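Note that chain A is present in both complexes that follow, paired respectively with chain B and with chain C.
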Partner chain A sequence: MNRRCLPALVLLLLVAVQAAAAEGIPGDADGDRVLTRAEYVAAALAYMIGDNDLARADIQDAAQVYAFWDGRPREITDSTGKTVTLYRPLRRVVIFAGESLETLRSLGFDMEKVVAVDKYSHAKNTFFPECREMGNVGSIWSPDMERVLILRPDTVFLYATISTAACDDIQNRLEASSPGIRVLRFDCFKPATYPDEIRTIASIIGKEERGEEFAAFYESTMDRIRDGAAGIPDDERTRVYFEYWFDYTTVAASAGYNEKTEIAGGTNPFATGTAEYPVVDPEAILVANPEVVIKLAGQGLAVGGYAGHDIAALDAIRSDMLGRPGWSGISAVKDGRVYVIHSDILGGAQHFIGTAYLAKWFYPDRFADLDPHAIHQRYLTDFQGIDFDLASEGTFVYP
Partner chain B sequence: MITLPANRLLCIALLLMVVPVAVSGAPVTRTLSTAEPGAGEAFTVSLSIEDVALGGVVETLPAGYAFAETDHPADRILVRGQKIAFAVMNDTRIAYSVRAPASGSGDITGRWEDFIGEVDGAIPASHVAVDGIETAAESGGASPVAQEAASPFAVLAAIAGILIAAGRGGRR
Partner chain C sequence: MEQSVVIQEGYTRLKKTRTLFIGGLIAGLVILIGVAVTLGSADYTVAESYIAILAGLFPGIFSAPDLATTIVWDLRLHRVLFAVFAGFGLAVAGSVMQGILRNPLASPFTLGIASAATTGASIAIVLGAGIAGSEYLVIANAFLFALLAALAIYGMARYRGIGSETMVLAGIAIMYLFSAVTSLLQYVGSAEQLRAVVFWTFGSVDKSTWPKLGIVSLVLACTIPYLLYRAWDLNALAEGDEVAAGLGVPVERSMIVFMMIASLITAVIICFTGTIGFIGLVAPHITRMAIGGDFRTLLPASGLVGAVLLLAADSIARSVLAPQIIPVGIVTAFLGVPFFIYLFMHRRDA
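Presenting the complex of A and B:
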């Protein structure tokens, strides 16, 4: 045999084995897609006595299907609207979407079952320390498909509604080469869909109770913000200039940051426009005379956020803005309402924390009892389960 | 190449890691109504189980000893030769009886698995001897307590021995 063909053949065999392993509920002796009590017990006894029809992972999967899914396949609909039938729980997971990874951790998923992550999550040593030990499969724009297949995942997570061409391409390649791999697509960063996504993912991993607890925590924060901002007449809404990472680049109506600004009760004078992140004329900002300025920090994970306790860096960003020509006449500057916020808490699964800060900055009186810092700490301690003390670690907002 | 001090440190670390596991913390423990049954007498084996929602236990009886009966549901037990498998479904106790042979001694050994928690382990061996009389081929003269921890310690001792021997060889 040609030696150059050998690696490809091994890879194909591995993929074929994986694909075969993913079909049907293990222990479902009559193949009727229902693992009855009798079938489960027979499988468990045969395994324990040493009849090796099922491997250890098989009987563990059977037990979990019996215990958490009532012995039946679980049908779930992901955020693309596609229905996926699961015959086994997730055991070897590859995640290209960091927000899904974070949500899985919030829900108490066994992170040892995550075999590889995207390069951005892999690089977040402080927030995802466990990812250092996992494989790195690149990004959705430059995926390392060979590594994905070598890792023999049973499930791959992709984004649902952003970078759809790149994610579609990955999904198509996986489905063509390894139909046994389940592709699940979620966003986990959009306020409109996140609660449902929490519950769906919780259902997938058999953590429904935990999912309800986390969804309730998330919804209590977002509902508090929505309720607090409700009823404010349009002409009384706080006028906000939201500046993206890059100078004089703002957010339009289609951008997620604009949605969060509006949920917090702000109004964006630059919301109209076709580009998601339009560049604005500096003069136009002076004319708009915003009451509050929000500057997003965190480009390239370089400054603040979970990467470091670097207040000076955020202060420098703010000082640069205050020194811009003509800005001394802007209401936001005169009133001391120019704020820097890190994208770690506004752009991804933690957007509810950042949105709480926005609401408090926009309407200090209406949200006097809202404590974003406490919400953030509870999220990290109770749901993320990481030892991170906001009093001394990280920098997320300034001032 | 690992040096001799490194070997010793490794051995100590291995012992420190495994000793607590060997002597405590197992969710399944076994007690016997008697460890010295009379010839042909039935005695009770009780398994105490903690926090295993779905799992299994398999017991292996010494040669000549025979499974007699159990209070465990009949559809959740499988007997094959000297092995008895129990399917565990939130059970906290399983009792079964064993009939002793005319003579003979040996160990009842066992293994448990928690399929949901995805952990497993050995149940410390329980020594039995008809009328307390040891049969040399099977008992080997070891006490039950020593045998309970024999498996992990034997492995560790072997590892330690090999490493120390290798270290000494290297110094020569």
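Presenting the complex of A and C:
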């Protein structure tokens, strides 16, 4: 054998042994997947007198498993339907899905345990100031796998139902190179699955009570909207032209923004489009004569949101739309019901805030008691725990 | 003596073919314009559409509902005319480039001008997002980069000695360079910026307005008469540098002037539309197959072919999935390629 190969082989074996050691509850001496009181005490005592090879972190994990998980591994099912067995709590987390990061923060997860995030969260200095200090692992489309491995995460968060090919690829590479790593996949932006995801993630991090509180807050808002919009006959639903970031680009049935428009009781004349974000003939909008026009700001139209308190920019977008050929004849323009909303509160984990605004704009009377602004502020203060005053910071809706 | 009679007869026949071809194209274009202005999501009848046009021209005499006048005048007419002018200009630019470079594959695309424009647009899209008036930034940047590419090709060719081969090679090098810059921008940009860049490369006349139409028609009005005026020089250059020099055409200077004019026409169109690639390559070929390569007729005729192709493609793009609009760059290829292949397979002298 080549002399240079031997050290490399030994190193590889060591890594494999170490990784294998990560499986199972630390201190579970008989390996029966239950950490008994006796086993825990023995492990802790041995650690104190330096009589076993467990590290301080192992003893801490064992304590948590014993105290909070009843000494047993925790089985959870993520949003891909896969069951993952957790033998110890999350300690070093890498997150590729910004919505999961936000949800973890809503649930009071200790952000110091997040060692790296995706490049988009990393760049959100206002909303995720703590991410500046964390590693940056790129995006799901071009992940920096070396950096991920160097950071030795025990858990990696990916998306469940979008960009599945890219996420599957990352998962396969992680599982091949780091046996025992836990890959958890959640979306955290879909109204249909978010409440369940909140509860599952809460149980993963041992914050069930907080999870219940947050899920109730989320559900109370969404239920209020759904109940308020229920029973409106189809022909009385507000006709909404929803414009994506780009001019004359709208949303069709497959787009998440269409779902939120419909939850809020609106009906989209262009929902039948074949593309997710179809470009429509400008004259079709005049013919459809929408009662409300919603324009999306953010990303492709980067003004406002958490990063900028710039009402003038949103006003300029709105004025541009009002001046389009023929728009003076549209009901929405005549009645002053053209609104700009930022994707920060209509996409992602905060979609319930934006959906509340939509509902209020579509049916001001039905939703007179709904206060999206207050919901938003409570979300930021009570759940996100960031010092952000909506009265003077950020711009999310206009007018 | 007999031979000259045969040649004369052949020439007379060719002249007849040319007249028929150009006459047919003009008639076809007029009919197509007539149909295109009646197409749209608003289901106006032919009569309603024309009354709306007339009401805009003679408000005192004709009257139409406000909405109809707005739709026809502010949304349809300039779009239809923009497609005509853009198709015309791209085809003329393609003819000129294929002629002076004596390369059947030469077009604003193979020479890197379009990929430079894409880079310019991408820079504006990725780095300028959110800046007020970013639409104009995209247009200005695309235009600037297209001309920059033309200058770079010119510079390299000049250094190496201007000739058709050096220009084509320099153009291909430029194309790859700018494509790489665009790819890099797409790589660092967000998903939404990527979407915007990709959409730009599809090409469409959605963003047409009357002022933009004015700019394009002004450039065409200034350049095309000059090209026609120098059609004999183009004919000479197409026969080869030596032939042209022998006929007293200043080869280098002419190549540069023609190249710059073709680039200017291309740049002013694609900065508004994004990359509509196919017209500049195929319209000249179709025309040459039909009526030969004499630039005196090739230029206007291929312009007309380009106009018909682009307008037909845009009309289809607006109608097939109405009220959705398919980017016209996609439809042009679907429409033009089968036609081109048909001609190519059925004409021996192609």
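Operating definition for what follows: the second predicted complex is superposed on the first by the 373 of 399 C-alpha atoms of A that agree within 3 Å, B and C clash if a C-alpha of one lies under 4 Å from a C-alpha of the other, contacts with A are read in each partner's own complex, and residues count from 1 in each chain.
Rule of thumb we're sticking to: a residue touches a chain if its C-beta (ideal position, glycine included) is under 8 Å from a C-beta of that chain, and two chains touch if they have at least 3 such contacts.
For clarity, every value in this text was computed on a predicted model and none was experimentally measured.
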| item | value |
| --- | --- |
| Partner chain in contact with A:Ala176 - chain B first, chain C second, else both or neither | neither |
| Partner chain(s) touched by A:Ala38 [first = chain B, second = chain C, both, neither] | first |
| Contacts of A:Gly50 with chain B and chain C, given as first, second, both or neither | first |
| Chain B versus chain C as contact partner of A:Ala230, first or second or both or neither | neither |
| Chain B versus chain C as contact partner of A:Ala67, first or second or both or neither | first |
| Dominant toucher of chain A (residue count), chain B or chain C | C |
| Touching partner for A:Val280 - first (chain B), second (chain C), both, neither | second |
| Which of chain B and chain C A:Ala192 touches, first, second, both or neither | neither |
| Chain B versus chain C as contact partner of A:Ala316, first or second or both or neither | second |
| Parts of chain A lying in touch with chain B, wherever the complex brings them together | 38, 40-41, 44-50, 56, 59-60, 62-64, 66-67 |
| Chain A contact footprint on chain C (complex, rising order) | 40-43, 66-67, 70-71, 74-76, 129-130, 132, 187, 190-193, 195-196, 199, 204, 206-207, 318, 321-325, 327 |
| Sites on chain B touched by chain A in the complex | 53-58, 75-78, 80, 83, 85-87, 89, 111, 113, 115-116, 118, 120 |
| Residues of chain A that touch chain C when the two form their complex | 120, 142, 245-248, 270, 273-275, 277-284, 286-287, 299-303, 313, 316, 325-326, 329 |
